[in-house]
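Read the structure below first, then the notes.
Naming follows writing order (A, B, C, D, E and F), and every chain is counted from residue 1.
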Amino acid sequence: MIIKVVNPNTSLEMTALVERSAKAVAAPGTEVLAVSPAMGPESIESHYDEALSVPGLLDEIRAGEESGVDGYVVACFGDPGLDAAREVARGPVVGMAEAGMRTAAYLGRGFTVVTTLSRTRGRTWELAERYGMRDLCRGVHACDIPVLELEGDALDVVTAACARAVEQDEADAVVLGCAGMTDWATPIAEAIGVPVVDGVQSAVLTVQGLVEMGLRTGKRDEFATPLPKRYTGMLRDFGY
Amino acid sequence: MIIKVVNPNTSLEMTALVERSAKAVAAPGTEVLAVSPAMGPESIESHYDEALSVPGLLDEIRAGEESGVDGYVVACFGDPGLDAAREVARGPVVGMAEAGMRTAAYLGRGFTVVTTLSRTRGRTWELAERYGMRDLCRGVHACDIPVLELEGDALDVVTAACARAVEQDEADAVVLGCAGMTDWATPIAEAIGVPVVDGVQSAVLTVQGLVEMGLRTGKRDEFATPLPKRYTGMLRDFGY
Amino acid sequence: MIIKVVNPNTSLEMTALVERSAKAVAAPGTEVLAVSPAMGPESIESHYDEALSVPGLLDEIRAGEESGVDGYVVACFGDPGLDAAREVARGPVVGMAEAGMRTAAYLGRGFTVVTTLSRTRGRTWELAERYGMRDLCRGVHACDIPVLELEGDALDVVTAACARAVEQDEADAVVLGCAGMTDWATPIAEAIGVPVVDGVQSAVLTVQGLVEMGLRTGKRDEFATPLPKRYTGMLRDFGY
Amino acid sequence: MIIKVVNPNTSLEMTALVERSAKAVAAPGTEVLAVSPAMGPESIESHYDEALSVPGLLDEIRAGEESGVDGYVVACFGDPGLDAAREVARGPVVGMAEAGMRTAAYLGRGFTVVTTLSRTRGRTWELAERYGMRDLCRGVHACDIPVLELEGDALDVVTAACARAVEQDEADAVVLGCAGMTDWATPIAEAIGVPVVDGVQSAVLTVQGLVEMGLRTGKRDEFATPLPKRYTGMLRDFGY
Amino acid sequence: MIIKVVNPNTSLEMTALVERSAKAVAAPGTEVLAVSPAMGPESIESHYDEALSVPGLLDEIRAGEESGVDGYVVACFGDPGLDAAREVARGPVVGMAEAGMRTAAYLGRGFTVVTTLSRTRGRTWELAERYGMRDLCRGVHACDIPVLELEGDALDVVTAACARAVEQDEADAVVLGCAGMTDWATPIAEAIGVPVVDGVQSAVLTVQGLVEMGLRTGKRDEFATPLPKRYTGMLRDFGY
Amino acid sequence: MIIKVVNPNTSLEMTALVERSAKAVAAPGTEVLAVSPAMGPESIESHYDEALSVPGLLDEIRAGEESGVDGYVVACFGDPGLDAAREVARGPVVGMAEAGMRTAAYLGRGFTVVTTLSRTRGRTWELAERYGMRDLCRGVHACDIPVLELEGDALDVVTAACARAVEQDEADAVVLGCAGMTDWATPIAEAIGVPVVDGVQSAVLTVQGLVEMGLRTGKRDEFATPLPKRYTGMLRDFGY
């Protein structure tokens, strides 16, 4: 089984981090392929960044379709391009926010999200609504650290933010709201004594499970393959 | 006052139609500028098309910012890139689905939407939820005519679909779910005796009103200008 | 085009204020007619006041129908009698809470409302629910100033309340919750750096837009003209 | 204990019917006083009728306060003036829609409402939302019989409508949506084998229970006594 | 009329307290029978306790069916086994949380709940959702006193918790969240000046009213008598 | 890793079926232990059956805790005793309805459920609400086959019900609503061309993933170990 994990930003260091995290939980027979698109922003911290990351992400999904990939993970907490990717891919596609929140939902009556910049919280609430997590998600908190600075001392800041969020929201679990935090779930959980969910690993295991059960996106209507048409003036040929 | 109406697909005939419709309701002192992006799909009928239309749309918003535009309309019923456009623009940005639904909300207790292809209905429901229209929107119906074939006899098909939708959903009003139907609101309303809302005109008048009142997107957090960063491998320079 | 703005209380000074505010945004060809009913309370600060303002309001709508009015604004933030007015009027009728909230919805992900007395907040939440604004409305705050004392220093108190409400609710915009605040949107917005929406102007522009597009209340069922029947013991003849 | 049941329309025959029905369930020590206001519509079948019935209703509540009434029932399925009445009365006030729906909620997972004219259904949904019954209320159905013609053969029509509604909505119970149907709950229940709830009796027993427990409307904010102010040009003196 | 009140825990002192409280409001002709099951936990303070109380509760309902009971009250604020009891009983069955919350809903726009241990709050929110009280219930607060220690000074602690909850939630009424608080509604209401609802009395009066109106659980589908089948290895014979 | 799958009814044939299905997807290193409790109903088709299955289920969870089980699956679509089991177990506990619905949520915008008897549908809706699946779950359909008769020709009946449900609800996927259908997902999916989700396999893979990531139920409040107390008159000792 091949799972392609697309980090939709172009920071290869983050892609390497995501790959290590994904491989740490994948089953022996599962091959994990982590990539960044050839085009797009170096980090995703706004609706603008998200929108501009999607063509590159879709390019990677299309490439994956040609090379026999069984399922995909979108490894950015805004889940950019998820619905479009589902139209393109034959196999399942899972976003890390989607998987992170649904995984946390198994751990109690409510969870809280700790993310990077304050301005991204609106998107998280929008996704929570879309995924049926509006009531289960008790709060979305920013630690005000940019995506590309999630290293070193930042762990302490994020740990403290998680502890505060749990108290404030009376949450049973925490969801980490950025792929750049993917290796911090265990140290934070140990520090605060509450389960902490990483969306990257959650998404990898979810895709692996879906493929194992032979499940893929329903294609009878909304998520059918895009219709063939002309795409003008774009760097790549996106037409069907 | 200059209002820029962006038809996010690349079909210039549709842009011309949208322009006529927008100008028909704009106040004397309002200049309407209708454009298509230089890149993108010829029509938008999937999440994939929508995603690929957004970079071109954002390019037009950025160009508008340099040329003194006061407000923007996104003239596609999927409201693609709306949140990103709000980050980029200083003035207000209004989507045609958003404006169409909210306008219909003034006309009774519930409305129904008649759109093109069945596969686009999921997106409409998602927008309805986002705009607080989940309960006011009673149904979303497809007439199974592709966006670029909305002409000639198609009017009869759409009129019949509207009549059926009103009966089935016991709706007080109809919202037309495609910019390509922008000149059909009046003939359909006359045929079925129920108010019919066109989102293009609704959005133009909404932006005009917002500018008149000096209102623009709140910029204190989520919709602040995108942060400066590197965008790699893209046809245009999207960096700030 | 004639738009009749009904201030449902009997304080003529407030009606004059509302008229100035309405005329400031109406298009050149739009005639604005602002009135108070001949009967009713001097201010509206309870469900009781609201209920007692409605017969006078409906009387004004009926009079408007006889004199060729194209559309109506209900200029009290409780939107009293709105549904009944829609049954009576041929053209569109828009409430200032309805228009204020929907206008604010175009300016970000969430707004906050600042109103007069604490006891009126329940009605605002009820209206938010009715208009699909339950999630977009982040909070309703009182400044504890009675309607008829909204002048002079009260502006400072309301400005401070708006600033606090924005911080507390992390709101992108403010809606002013009383017609008596109609000329304060601009000074408050300038003071706090956040868009501030006045419902009176929003409603006038909304009605103007609806009339411009030829849209009026759907009359096929709930909002059809009231049935002819006997009304007993009332000061005026309300029968059809 | 004195319970005053206000039929807000001016049809005395219906008031007599309501009185018989209320007395049939009241406890031995409970005195039931059924009245019609001196002013208002002969029946309530629109928002307009409802609005015009409220001043007369409030007049009756005020009179009740002077004569030692312990609690009130609003005996019209639109629950007109309920919030205003709660401000005026010291004791509890219960609407028949409110009581009918909440009573039905004890009888299973969902109920259906059968009412008179189609145009009144919107109001019922609005009340269901307000009372937290949006999910428990599965449907609202009209039998298209005007309020004042609910007699004789109409029982068969309503019975048939109830049977259809139960099947269509897979409901565990029926709520009758008009005070004029107050004596039909038992014959319809016997005919269709499903519990049928009459709101008049439900409201009387609810008020009786509230008074028995010493419970009354919370008066700390929204439902405090109306503020003293001037009411102009009205048939009666409504000022405090 | 015979109403059987089942206290689902095995603490007979609490059953005696519940009985006194129930009898204090029952009508003269109503016989109240309060019991504890022969098996189960001594108090209910977790999902585990609740689950283990249900077989004993159902045993008491079955016994009641054989001895002509007209209706039942489940006198534990978790409303354990309520749906199962409705399948077993011919007459109505009402839970004290259900009745307490719905009763409080008549007293204003929102209520707050004060309960025993923090860990039980999740269940209360789940019930609020089930009963359509999600919006009317403004908060659920623990006083951190175990069920069996609700006596003596505990009244002061609970009173203070009620006062704080009312302020914090801006509530019109309080619901006491434990059968062990059944005789505290009046002293707390007097102390804090806000109506305080006891679910035991509310449930008794609700069942009495349902029986008075001839209403019982709808039996056409979900709540029909359980199907006959084999139950293995249980202390009692639960088969039909 | 040891996963204990508890079929809460006492039909050993179904337990064997569930075990085969669970083992078919478990990873090589995962040991699956499928059991039936020593006490309880032979099948679960009512709230009554569910309630009576829970003590036996909890007994199995307690036994599992003593023998080093890492995680648990509740293999009945009513997810009986799930919250209580989470209090008792150190590791994660997942219900098959919960896992089935959340898994289906990854496959499109909405799913439909096909279950056994009509009377069980209310419970499914209740669970959908609890799990945040109220909007994603488009419908719940019965095939009117009792749990213990799900064999032979029943597959054709269920397949036809699935096909109808997909059309009627315009669903992207189907969830099978009974553990007794656990081996039918693949043949039905092949017959109707739509993804079909089995909750047993979904739950096994979910628990396996949770254990792999080191995640378990949050124990800081609601789901802490039950408090020690006396349980009277029960077949087993349930005290802590």
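Brief remarks follow.
Here is the rule we go by: a residue touches a chain if its C-beta (ideal position, glycine included) is under 8 Å from a C-beta of that chain, and two chains touch if they have at least 3 such contacts.
All values derive from a computational prediction rather than experimental measurement.
When each chain is reduced to the average of its Cα atoms, C sits farthest from chain F. Where chain A touches chain F, the two copies mostly use the same residue numbers: shared numbers make up over half of all numbers in play. Chain centres here are Cα averages; for chain D and chain F they lie 44 Å apart. Centre-to-centre, using mean CA coordinates, chain E is 29 Å away from chain F. Of all residues in chain D, those that touch two or more other chains are 86, 109, 122, 126, 129, 135, 221-223.
Against chain C, the residues of chain B that register as touching in their complex are 25, 27-28, 86, 92, 94, 98, 102-103, 105-109, 131-136, 166, 170-173, 185-186, 189, 193-195, 197-198, 201-202, 205-206, 208-210, 212-218, 220-223. Put simply, chain A touches chain B in their complex at residues 10, 37-43, 45-52, 54-56, 58, 81, 83-84, 86-88, 118-123, 126, 129-130, 146, 221-224, 226-227, 229-235, 238.
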